Each structure stands twice: as structure tokens, then as C-alpha cells.
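First chain A sits with chain B, and in the next complex the same chain sits with chain C.
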Partner chain A sequence: MGGTLNANHLMFLGYGALWTIGLSLIGLLGGGIAGFIIALCRISPNRIVRLLSAGYVQLIQGTPLLVIMFLTYFGLPTLGVTVSPLTAASASLTIYVGAYLGEIWRGSIESVPRPQWEAAEGLALSRSQRMMKVILPQAIRIATPPTVGFMVQIIKNTSLASVVGFVELARSGQIINNSLFEPFLIYTIIAGIYFALCYPISRISRRLETRSGPARLSLGTA
Partner chain B sequence: MHKTLNAATNAATQSPVVSLKNVHKSFGTLKVLDGVSFEVDRGEVLVLIGRSGSGKSTALRCIDRFERIDSGEIVVCDHRVSDPKLDLRALRQDVGIVFQSYNLFPHLTIEENITLAPCSVKGVSKAEAKEEARRVLAQVGLEDKLHQYPEQLSGGQQQRAAIARSLAMQPKVMLFDEVTSALDPELTGEVLKVIEALAADGMTMVMVTHEMGFARGIANRVVFMHRGKVHETGPAAILTSPATPELAQFVGTGL
Partner chain C sequence: MNLNLDFASIIERWPTFFDGALLTLQLAFIATMLGTAIGVLGAIGRRSHHPIVSRICGIYVEAIRNTPLLVQIFLVYFGLASLGLKFSAFVVAAAALTINVGAYTTEIIRAGFDSIPRGQIEAAEGLALSRAQIYWHVVMWPAIEKVYPSLTSQFVLLMLASSVTSQISAEELTAVANYVQSDTYRAFETYILVALVYIVLSLIMRAGFWLLGLVIFPRRRRLGTPL
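The block that comes next holds the complex of A and B.
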């Protein structure tokens, strides 16, 4: 034990950073699919579907991701389902991200002006045609900046996967620190890597927000 | 055989395109339509006038089932609109509606706006729909705007494009809901000209408008709504010689 920070340590951190990126992408993909379904359920004409999806969103938004991680990793085995750290982390992120993206996207769909729905209805388009051809293309434009912004939250939240023993960036930092005991140095490096991952994305999000300004304006008057 | 067919088509041409019978509609405790009845025959232009809140826009929206009625009967092109089992999409293929705020789809070009419904609802081929788009745009004087986006057009042009979009579905009746209220006088003129041309072509139309001069020129029948009721109805002449003091006061302030 002991020693100084060397290339092997940095390699190990780089490996952890790759897993952070990988887990983020899994969270975005899984949560994106779940979120899309939830967004559609939240605006369903069926009251039961609306209530169930709203309940899901409330439940997840009122539960720390950390607890969801514990539940899937430690809770499921007591029910006879053993899951690997990767599966537990992926499932937890999907559940969690799905609730938030579902709400962001529901808001985007609902902020497409009501008359757009009516115009599409007046042209005899079916509900799914109205959705696919008129509402969603406009909602996607509205949803892009907050969705990209939420990516930053996903990246940072993957650090919680360390509690179930998944070796991503934060956990690999912990492991190195356990042998080197240089917490200030190591966690500064970790913070720097997280920042390097997140900052460009928040910049992109802000750029998209200012660019979508005029587009939203024209939606309002249309 | 031939005779019965003829009789049937005769009966069809004689039955009104739009008919409202004793229609009642409330929003909460507010009674908006209080026993409204009127009919529109083929090729007729019916103009609904009245103060804001008199129920004229609601009456128009009930025809296309954008509002459900509480009681009464509405029949449009043989669709029983008041029937809960109504085939909504069949009704809306026969009825074109144009709104005050144009409501063109901002993410589509004018051509795509127009071809969307014929292609996806009626299954018309892309080429045919584009041909039709060109024809209806020529009809409203916008054939050069085919590939532009709505935001590149003036308000009047957008409204004309919205009319063209409705026409491309070849409706049997057109509804116009205060289509010039968002436009300045010059742009209003170009939209009204398009509507006049449609009337001259024999299109059946129901319109809500505040343009009294225009109403006088185009209406076969005027329905003056007041407090949710048809207060006075008759030919366009009633606008110049109203029978009730309420209409007299309304046209007095309207002119």
C-alpha cells in the first residue's frame, strides 16, 4: 500500500470515467424509452393510465436515487432475484431518469399550442397521426434544451452507482484513495473529470435554449 | 330503378348541408347556446353575427364537434353530429374549418401543410397531393409560396394558405371562425376576396365575422345571435333594415 499517483492510477481513473459515460448513456437510452412511454401515458385519454403514470412520477421524484439503487441491488435478492451491480445501476437509472424525462417531455408536448391540435383534428387526422406528424415534431424542438440539460444530472447521478459496488469514476477514485490516501488530490482530479464531462453539455444546452427562442415565439403566434 | 336513384339524389340535394335543431350548450353554469336552430342549404353562405359572448363561435364549433352539445340535434352532410357514435374523422373530411389564428403547422412548408391530410387521411399519392396543393394555392393566389415556411408569410398569406389547406381535403362545407380578426384592414381585404371567390364557386359556407360590409355582400342568410339565442334571422337585407332593436343597435355600432 501507499506510493504516489502514477500512470496506472490514471489509467484506472480513465477506465472508471468510461464506465461513467457508459452508464450515463444506458440511463439516457433506458430512461428515454421509459420517459417517452410515461409522457404518452401522462396525456392519455384514459384516466386510469393517466393516474397510474402520474403516481409513478410522484413516487420516483419523491424517492432518492440512492434508495432506488439500494432497493434494486440489495432488495431484489431477498425476493430471489440476484442482480449484478451493472444491472442494478442500469435499472435504477432507467426508473429514475424515466420519471424525470417523462415529465420534461409531457410538459413539452403540452406546450405545443392547443390550436395546433385543433387544426390537426379539423383536418381529420387520427390521434396517432396528430401526435406523430404535428405535435411531436414541434414538441421535440421545445424539449431538446431541457433534455440536454438533464444529461448533466444523469452524468452526476451515475456516481451513486458506487454504493452498489459498481466501479465508475467516483468509485475508482475511492479505490485509488484507499491505497494512496491522497483524498484532496484524488477527489480534485475526479471533480475535474466530472466537470470536463458536464461543462460542454451544459454549454450546448444553453446554446440550444437561446437558439430555440425565436422558434418558440413563432409557435406561439402560429 | 333509375327513377328511385334520381329521387334519392334529389332528396339529398334538398336536405340541408348543416342543420341545428334546438341546440343547448352550457359551460358550467353559463348557458352559451339556448335553443339554437338554423339550416344551411347547399351552396348557401350563412353568416353568424353577434356580440362577443353571444354564442356564435360556439355554435360554429359545435358543427365540427369541437364542442359537444348538451341537447338538441345537429346534422352535417348526413353525419349525426349529436350522436355519441359519430364517426368523427368522416365528419371532418366533409367539413373544412379555418380559425382566427391560422394554425398552420410551423415545422412544415406550405406544401407539406397542404399535402399532409390528403396523404395520411385519404391515402392520396404524394404526386397527386402535390398537384392538388398547387391547384388550391393558385386558387388563393399563393402558388409561389409552395416551399416557404409559415413564418416567412404575412398574416394574410398564412390565412389564405390555411384556407387552401382546408380546400385540399375537398370539403362539402367550409366553416370560418373570425378568420380576419387577427389581420389589419389591408390583409383582411385579400382574405375576404378569396372567400368571395369560393362563394362564387358555390361552396357552402358558415362564417362568424365582424366585417359587416363583407357580411352584407356575401351572405345568403344572416343569423344574429344574442344571449345564446337566434335573435333575428333573414337575408342580408336585415343588416340594413333590422327588425329588432338589438340588431339595430349591433349594426349601428358595427358600421
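The block that comes next holds the complex of A and C.
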């Protein structure tokens, strides 16, 4: 204990912030791939695939990310699979983000007007051609504002990786606080850094929303 | 990989899980109630013609929505302590969750307010209703009715997010799970069970809000529109 906040501490916070960004990108990439697969499964012509993917989304959206983190980090070792904090955090974020992005993207795909599907079918395009050439290019435009909005949720949710000991921004704040014990100052700085990361993305998301018609509220609390 | 699952020794401890789930619901209930009140006031504030009032409400919403709940909880926890105020973990958790959800609710209700057509308010003015009457009858209730589904989702998310308060040792469901798993070394079974309890809690909340919606918005029921 003792000492005052100095440049080394701020450097340490800087590294933490970099890991927050890195983990967010991992979550976005992993969750994006998972979400894309889920979105396609949710609109699959196969009833069982649709039911299974809907069940997955319901399960994950009804479970806190924190519990998923604990399950992967503490639960898997009891089954004999040891995971590092980074692996546990990445896997949890992928599972969690995949469910939410999957729902967002399913909504976007389904809001491509019906005649577009029918016209593509009338042109004798195969199902994959219809998807790739007609539906997805339009769905991406609809999906962009809510996806950018959800990126803010991903960044904030990476703070929960601190509970499994992964040293990102929140955890590096806790570590510094353990030696300096100036919680209010340190957590204010941490909150400020998170704000600096998230606020620009929120602004971009809102601008995209107003440009592309009716605003959709992105939910979240994390 | 040795698959040797033992759920029985976890389920044996159902009374502690039950207590934890009850505390989670209590936290969610308190934060929902107070958060709705903050949301209505905040939404009115954001639409205020006073630039200072609307600015302060805007800063509150943006500050909360762009920082993680975990950091907010620590700030409230240590902030109150550095002011010399000592509260139980439950009170701190409820306060932090209320501040958090209040910002999201403000934004949702404001969107509802904005969706009320200008003509409705002008018509109410033409009928010589007072400002308070207009807000209550013409703006607020129809607005809340419109955004009720969004509010419901937000409050369910809040209930799930309350798991984060385990980090300041509020004795809610996740904290109970942490305790049980460190006692039994059955982490996998414990967290699977707790995940299921959370899913049941969110289903209970959704059903509750659906019923509440039928009671407080009878017009919808009469029109037969789905919630």
C-alpha cells in the first residue's frame, strides 16, 4: 500500500485498455461468425435446425454473461479441460455475442422486403445465390446501425472478463487500487477510459440510425 | 476427460439457491420500480426547454450508457464509502442497479414521448388541458404503452445484470453459486444449475410483465393487439 498515482500506473492502465480493445475485437469476430451461423440457422428451411438455434438464443439470452464466464473458467476444469483466462473470456464472449448478433441479423435478413426474395426466386437463383447476391447485400445495410450499437455492449461486457482474472482495463484498475487504495480516483479514471472508447461508437451508431430511417433502440445494461 | 457429474449434491442445497434467487428478484424489483420513476423524470427532463436541465439529463444518460455496470458498481460502492457512508452490500447493489437502469429507461421512455404525434398535444391544448394533464393523459401513458415491450426486455436484462453485484458480495444468486462451488468443488454442475435458475427467473419476469401489461393497458386487450 502507499505511493501516489504515477506514470507507471497510467502505463499499466494503458495496457489494460489495449487488452480491452483486443478482447472486444475477439468478441466481435468470434461472436460475428457465430452470430452469422445462428442467423442463417434461424431462417433455415429445416424445422429442427430452426428450433435448435432458437433454443440456443433463448438459453443464452436468459443467462448472465457472468455465469457463462464462471461456467467456462471454473466449470470446464472440473470436467478435465483446463482453460486460460484469455481462452475462457474469448469463448464466453463468442457464445454470448453470437446469440445477440444472431438475433439482430436474423431481424435484418427478415426485414428485407418479401418481393426481393420472390423476385430472386423468379430469376431461378439457387438458395445460396439468393442469399449471397440479393438478400445479404441489402440486409447488411439494415444491420449496420444496430451492429455498431451492439459493439458498445461488447466493449462494456469485456469488463466481466476481470472476474476470471484476465487483466483488461477493469482488472488493471483493481490491481492498481490494491496497491494505492484510492478507489474513487482510480475507478473514475477507468470509467473515463471506457467512456472514451464507447462514446464515439455510440455517436456513430446514432448517426447511422437517423440516416437509415426509423431508429431502433439498442438494449443493454452491462 | 472424466465425465463424472453429480447434480444431486448441488440440488441438495436448494434452500441457499432459493434465497439467492429471491434476493436477485428483490434487487430487480427495487431497481425496476425506482428506475421507472427516474426514467419518467429523466425523459421529461431531457425534453425540458431549460437547456441546463436537458443537458444534465443527457450527460447522465450518456455517462451511464457508455461505461460498464461493473465499474459503476465499484464507483457507487467506494464513492459512498469515501463520503463516510456505510451501507450494506444489498443497499449499494440496489442503488447502483437503479442508477444504471434509470439511464436506459430514460432513453426508452424519451423515445416513447417523441413518438407521440404533435397533433395529439395540440388537440389537448385546444381542449384547454393543463400542462400536467397533457403530460399525464396524452403523453405519458400512451408513450409508456408504446415502449412497454422495450421496457420489459430492459428490466429482464437488468435482472440478469444484477449478477454483477456478486462482485461487491451482495448475497444474490451468483454469489451463492460462487460460495457453493468453492465448498463442493462442483463448479460445472453449480453454474449449469444457476444458469437454469436465471432462465426460469427471466421467464417468470416476462410472464409477470405480460400480465401487468394486460392490467394497466386494457385498451390493447380490447383491440386484441399482441403485446
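Simple rule for what comes next: the second predicted complex is superposed on the first by the 213 of 222 C-alpha atoms of A that agree within 3 Å, B and C clash if a C-alpha of one lies under 4 Å from a C-alpha of the other, contacts with A are read in each partner's own complex, and residues count from 1 in each chain.
Everything below uses one rule, namely that a residue touches a chain if its C-beta (ideal position, glycine included) is under 8 Å from a C-beta of that chain, and two chains touch if they have at least 3 such contacts.
Because the structure is a prediction, the values reported are computed rather than measured.
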(message) For the overlaid complexes, name the partner, chain B or chain C, with more touching residues on chain A.
(response) C
(request) Return first, second, both or neither, reflecting whether A:F36 touches chain B, chain C, both chains, or no partner chain. (result) neither
(message) Taking the superposition on A as described, I'd like to know which of chain B and chain C A:L125 touches: first, second, both or neither.
(response) first
(request) Based on the superposed arrangement, let me know which partner A:Y15 touches: chain B (first), chain C (second), both, or neither? (result) neither
(message) One more residue to check, A:K133. First (chain B), second (chain C), both or neither?
(response) first
(message) By the touch definition at the top of the document, which applies to A:R141: first (chain B), second (chain C), both, or neither?
(response) first
(message) Applying the document's definition of touch, where does A:Q116 land relative to chain B and chain C: first, second, both, or neither?
(response) first
(message) Considering only the contact definition stated at the top, list the common interface residues of chain A for chain B and chain C.
(response) 215, 219, 221-222
(message) Looking at the complex, which residues from chain A come into contact with chain B?
(response) 115-116, 118-126, 129, 133-134, 137-138, 141, 215, 218-219, 221-222
(message) Help me check something: in the complex, which residues belonging to chain C touch chain A?
(response) 1-3, 62-63, 65-72, 74-75, 77-79, 81-82, 100-101, 104, 107-108, 111, 150, 153-154, 157-158, 160-161, 163-164, 166-167, 174, 177-178, 181, 185-192, 194-195, 198-199, 202-203
(message) Applying the document's contact rule, which stretches of chain A touch chain C when the two form their complex?
(response) 58-59, 61-64, 66-68, 70-71, 74-81, 152, 156-157, 159-160, 162-163, 170, 173, 183-184, 187-188, 190-191, 194-195, 198-199, 202, 215, 217, 219-222
(request) Report the residues of chain B in contact with chain A in the complex, numbered from low to high. (result) 64, 66, 89-90, 92-93, 95-97, 99, 101-107, 116-117, 120-121, 150-151, 162, 165-166, 169
